[in-house]
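Some structures to go through are shown next.
In the two complexes that follow, chain A is the common piece, with chain B as its partner first and chain C second.
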Partner chain A sequence: MLPNLIEYHRPTTMSGALRLLARRKVRTVPLAGGTALVPSRDPSVEAVVDLSALNLAGIQWHAQQAHLGAMTTLQTLASDEIAQRYANGLLTEAARVCATRHIRNVATVGGTLVAGDAACDLLVALLALDARVTVRIRRIRTLALDEFLNAPSAYVDGGIITRVNFPYLQIPHGAALVRIARAPSDAAIVNAAAFVVLDGGMCKQVRLALGGVAPRVIRAASVESELEGRAWDDALAARIAEQFAASLTPPSDARASSEYRREMAAVVAPRALQQAWARAQGD
Partner chain B sequence: MPGMLHMKILFAERPHARIVRLDTSRAEAYPGVVAVLTAKDVPVNEFGLQQRDQPVLCGDVVRFVGDKIALIVAETEKAATAARDLIQVEFEDLPVVTDPITAMKPDAPLVHPELGDSNVCVHYKIRKGDVAAGFAQSDVIVESEYHLPFQEHAYLQPEAGLAYLDDEGRVTVQVGGQWPHTDREQIAHALALPIEQVRVIYPAIGGAFGGREDMSVQIVLALAAWKLRRPVKIIWSRRESIIGHGKRHPMTLRARWGATRAGKLVAAEMEIIADAGAYLFTTNKVLGNATIVCTGPYFIPHVKVDTYGVYTNNIPTCAFRGFGAPQGNFLAEMQMNKLADALGIDPVEFRMRNALREGDTLGVGTPPPPPVSIAQVIQAAAERFKWDERQTAQDESSLIRRGFGFAAGFKNVGFSFGYQENCWARIELYGDDRVVRAVVHHAGADVGQGAHTVMAQMAAEALGIPLAKVTLIASDTATMGNSGSTSASRMTFMAGNAIRGAAQLALEKWRAEERPAIGEYTYLAPPTTPFDPETGYAMPNFAYSYAAQAVEAEVDTETGFVRLRRVVSADDVGKAINPQAIEGQIEGAVAQAQGYALQENFQMKDGRVLTDQLSTYLIPTVLDVPDAVESVIVEVPDPRGPWGARGLGELPFLPLAPAILAAIHDATGVWLDDLPATPEKVFKALGRSR
Partner chain C sequence: MEIQLTVNGTSRAFVVEPADTLLHVLRREGFLGVKHGCEDGSCGMCAVILDGRVVNSCTMLAAQAEGKPITTIEGIGTRDALHPLQAAFVEVGAVQCGYCTPAMILAAKALLDQNPHPTEAEVRDALSGVLCRCTGYVKPVEAIMRVVNHRGDLGQGEVRDAATVQ
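Up next is the complex of A and B:
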């Protein structure tokens, strides 16, 4: 629980919500599913603004772009029919493995971004899909998820994430999520998501994201740029991904040591790329 | 219950410290608080199943994190919790000892200076034959050191109970436990009450696995209800349960075994060091068992064993499914598989050459009571698995390697070492010319395994009436004699004999036209004897059960992940009274043993528990268990068992861990000697690091 909570608000307009969040005297934060905020026991929080009446939930698939409302629950995402198909179901799989049913029923996309868990399967998947985040403070700002994750709380301070969007491509592509966990129901030790766009035998786009290997989920930009524009070569992709992973210095914790995480990064990264590629070809 | 109060316990949360000052005044003043009880409120402040070495409430020294300091009793649980946090305790930390090998050293800090000048609380010796001569005759010698971890029982239901004064003014505790009569005795002792003043009732609570043998909430509930003359209830949280009850004994096991080229075992030398934790609990008995079982169900002419139990400031270690046999058996089966490998003999064949035959002596110098069925269960498991037809060729290009493993095991049924085993039952037959209703009274606990169902079945069988006519009234010390503990795989065996005896007496009275016809009977099992202190010579048990398992597993050589695919478990139950319940026990034991082998990683650091939730201490879920567990029920009747039945509950736990490690070796060529074989550990052992 939040020990010093004195106010609960549930505004019905965005401007009303932003006014509350802008207050200086009472430390006020957004409340989404509450699955990260409430157990945090953050003593600094004095007021919460429940975002549930702001119409921020829902998924829209436009011609080129997909929009995930910030208040979309992970369960809505997991059961969305297009998400189950697009990019080999990368997003729904990620939503399903990153939380249990009870948590998925309330945890939201926006809250997941701010919580910024370092091994979050959904964040890894969204990075691989090249997601962007829209934040509203006084003005509306859209920035890459990768940039946002550098300092989530700084970017949203006093404001609200309204949605996440990513390209909804109609050209041949493939995606894969590979995770290593102590048990299927446990949080990932390391994970990797890959997304590959084909053009003939050429790699038009490659994206690789990894979790559990750094203080936040990361994108392997160097791997991406080395592979893009080349003819796909399974062995080469594996080697480059492996090299990248092996250069990391991941944290140690009760789930795994730093060394094991590094070794496993060098396993999941090539596996994810190879699976994504194989699936792209199968399309 | 009307007027019911709620209790919270202030735990020490320190591994070793002296209480310098204890101030409960702010807690007592908290609204809704009725009483705060401390050491000075306990009439006889000591308890323990084997040795009264633990205070009910610590007033002087705390020896592990789960020691209790104060009881807060309030109108609501919330008030009790808030008041607990207002108690001020000033501690002076004492030196902490957590590694049993360090704790054995002469200069180690003492956990119980009042008990003597050493932390070693148990030492058993086996001296059979002449191991030096045995090793001289051996063509192959395998030497290993194994490290086995704590294991948490992780029953679904954390400790809970309700205490009140019954109509006759007896302090009554309703609680989940394993042996109501010893609970009653320990409560009466601590409260300085005559035994008749205390009543213990067990509702049929699930999952105990040994973890409910020792006291948790029983004495403190009774104390509060007795003092306050009001009902008092407590439910532990998962964290309180994990720090508050005992664990499976971690052990270091050193072994040196020799065999001839012809595949005959000749000599075995073992040293076993077990972490007893802060109090004795049943460590002396657990280690007795480990000492017997560490030769496996095999004949070895020359045996030397030294087993030590050592006090530390860790959580006390206690009974847990297998009661020392899983660790002893692990050693034996690992050695067997390694020797088979070194000799180039198939592990099943190697076991058959050494399996105990009737008259063969154990390490204790006497044979197990016949019939000995180890050879039958080994054959049954191998046949069902189709061991001889297994696909041993590896796909060299695959990162996933498949392996097969085999192991056996044996376990005593009933209490050992000279304890005169006994079990009480009463049967009342109602009706006129025909029995219309039979009421069976039995104090044995059902801990989720279906003991009460089996008791009713056995009563129906003994009386020759349909099951529907049998009513069972169970587990109330006020109206029943002592039926003993639901542990040591004993309840079917002992209760069956007691019920059969009571049924016979009741039927005699029925025939003599007594109405109701009442038969009351206490079954006494054949006597046993304790270890000779120098040689270990003993006739320790009156019955054993035997098991063997074959497994198929896959190892991901890039990640170290082990996936258990198939398990065949052959268990000699003597007589299958309820085959479905037997399959349930086998499947449950396999899941629990899989957790022990691969996943469950209980971590303590400097006497503190790092894995105090089920989110950090992972137990297998439906997503982890094997694709297939096949039970092969073997029936070699034990003439002393009811209808030939032996015991089962612990048995299928025993062979699995060594069988899995053998499968990992088969798949990868690497022996792991430590549990749990987590992916990270397997990965390291494979030496694939870049």
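Up next is the complex of A and C:
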């Protein structure tokens, strides 16, 4: 419960919503599903702007790009038929494992960008898909998810995330999500998502994202650049990913120690790359 | 502030504070089948069916539910005419302390209303947000699968629509 909440608004226009969010006297924040905000007990929140009447929900698959409206629920994503097929169902799998059915039915893509934790499966998957985030404050700004995650609250300050988009490729590719958790329905301790694009036996593009190894989900850019443009070699990919994992200094918490996370990163990262490659070749 | 909520088929105005969660309002109004558990989204005891989907009422403001039909356990079956899911839970013995039972029934009902022939994996996914601390999931899943496989032969009650129940 939000102890100091005194106003609830459900505007029907974007300009009305932005006007409310721009107020300085009453601390006003966007409300999507509420699954993170409402139980946060954040005493600074005095007013919420419910985004549900702004038409920000829905998934569109265009010729080259996919658009996820910020208010799309995780369950809508998990049951989207194209998402279930594209990139080996990477996004639907990530949405399904990242929260229970009860939470997926209300939690949104936009809320997850702001509230998702350092091992959020959906964020790891979206990073691997090269997602970009569109934020509307006074003007519309689109930036890479990787950059956005450096300071989500600074980028949305007074604004609204309207959508997330990522390339919808029609050329051969493969993807995989590998996670380690206490039980399948538990939050991930460490996870990795890989996305590879083929060009014959060559690896044209690689994306590798990891969760649970740093204060936020990260991309393994050095692994990506070492593998891109080469003939694929499973052993080489594994070695490079293991080296990357060894260089990490993950945080320790109640779920796992830093050492455990580092060792598991060296397991999930090569596995995700190898599975993605195998799938790109049709298994 | 005043909001219009439709609970178990009855629509009326409720006076609420902006900060009131749906859980607080429902319990204050006497719907005590909606349990107050963790209050942070982890246990699922506060489940209701909102607009056809099972959700946690504790992580949602009451105002967010405006205009969408809400079903609580009080809207499902009666003592004399149990809902087939309730009858199956009794027959299978899918209950220990009973604290999670309303949430289990609601999660199962939301699933079966959408998908009358789910697989066991889909049933387990539907229960993923319900944390039973006693009996576990084997018997509840068995009870739900019994309804899936023998629709109609269980219990006295019709599959009652929220709208027909007071």
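The criterion applied here is as follows: the second predicted complex is superposed on the first by the 281 of 283 C-alpha atoms of A that agree within 3 Å, B and C clash if a C-alpha of one lies under 4 Å from a C-alpha of the other, contacts with A are read in each partner's own complex, and residues count from 1 in each chain.
Here, a residue touches a chain if its C-beta (ideal position, glycine included) is under 8 Å from a C-beta of that chain, and two chains touch if they have at least 3 such contacts.
Here the structure is a predicted model, which is why all the values come from computation and not from measurement.
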Touched partner set for A:20, first chain B, second chain C, both or neither: neither
Partner chain(s) touched by A:182 [first = chain B, second = chain C, both, neither]: first
Broader residue contact with chain A after superposition on the shared chain, chain B or chain C: C
Contacts of A:246 with chain B and chain C, given as first, second, both or neither: first
First, second, both or neither for A:238, with chain B first and chain C second: neither
Touching partner for A:256 - first (chain B), second (chain C), both, neither: first
Touching partner for A:267 - first (chain B), second (chain C), both, neither: first
Touching partner for A:96 - first (chain B), second (chain C), both, neither: second
Contact residues of chain A, present in both the chain B and the chain C interface: 185
Residue numbers on chain B that touch chain A, as the complex places them: 558-559, 561, 599, 603, 610-611, 615-616, 618, 620-621, 623-624, 678-680, 683-684, 688-690
For the chain C and chain A complex, residues of the former touching the latter: 1, 17-19, 21, 24, 39-41, 44, 47, 53-56, 58-61, 63-64, 66, 107, 125-130
In the complex, chain A residues that touch chain C: 1-8, 10, 31, 33-35, 38-39, 47-48, 50, 52, 75, 96, 100-103, 105-106, 185
For the chain A and chain B complex, residues of the former touching the latter: 180, 182-186, 246, 254, 256-257, 259-260, 263-264, 266-267
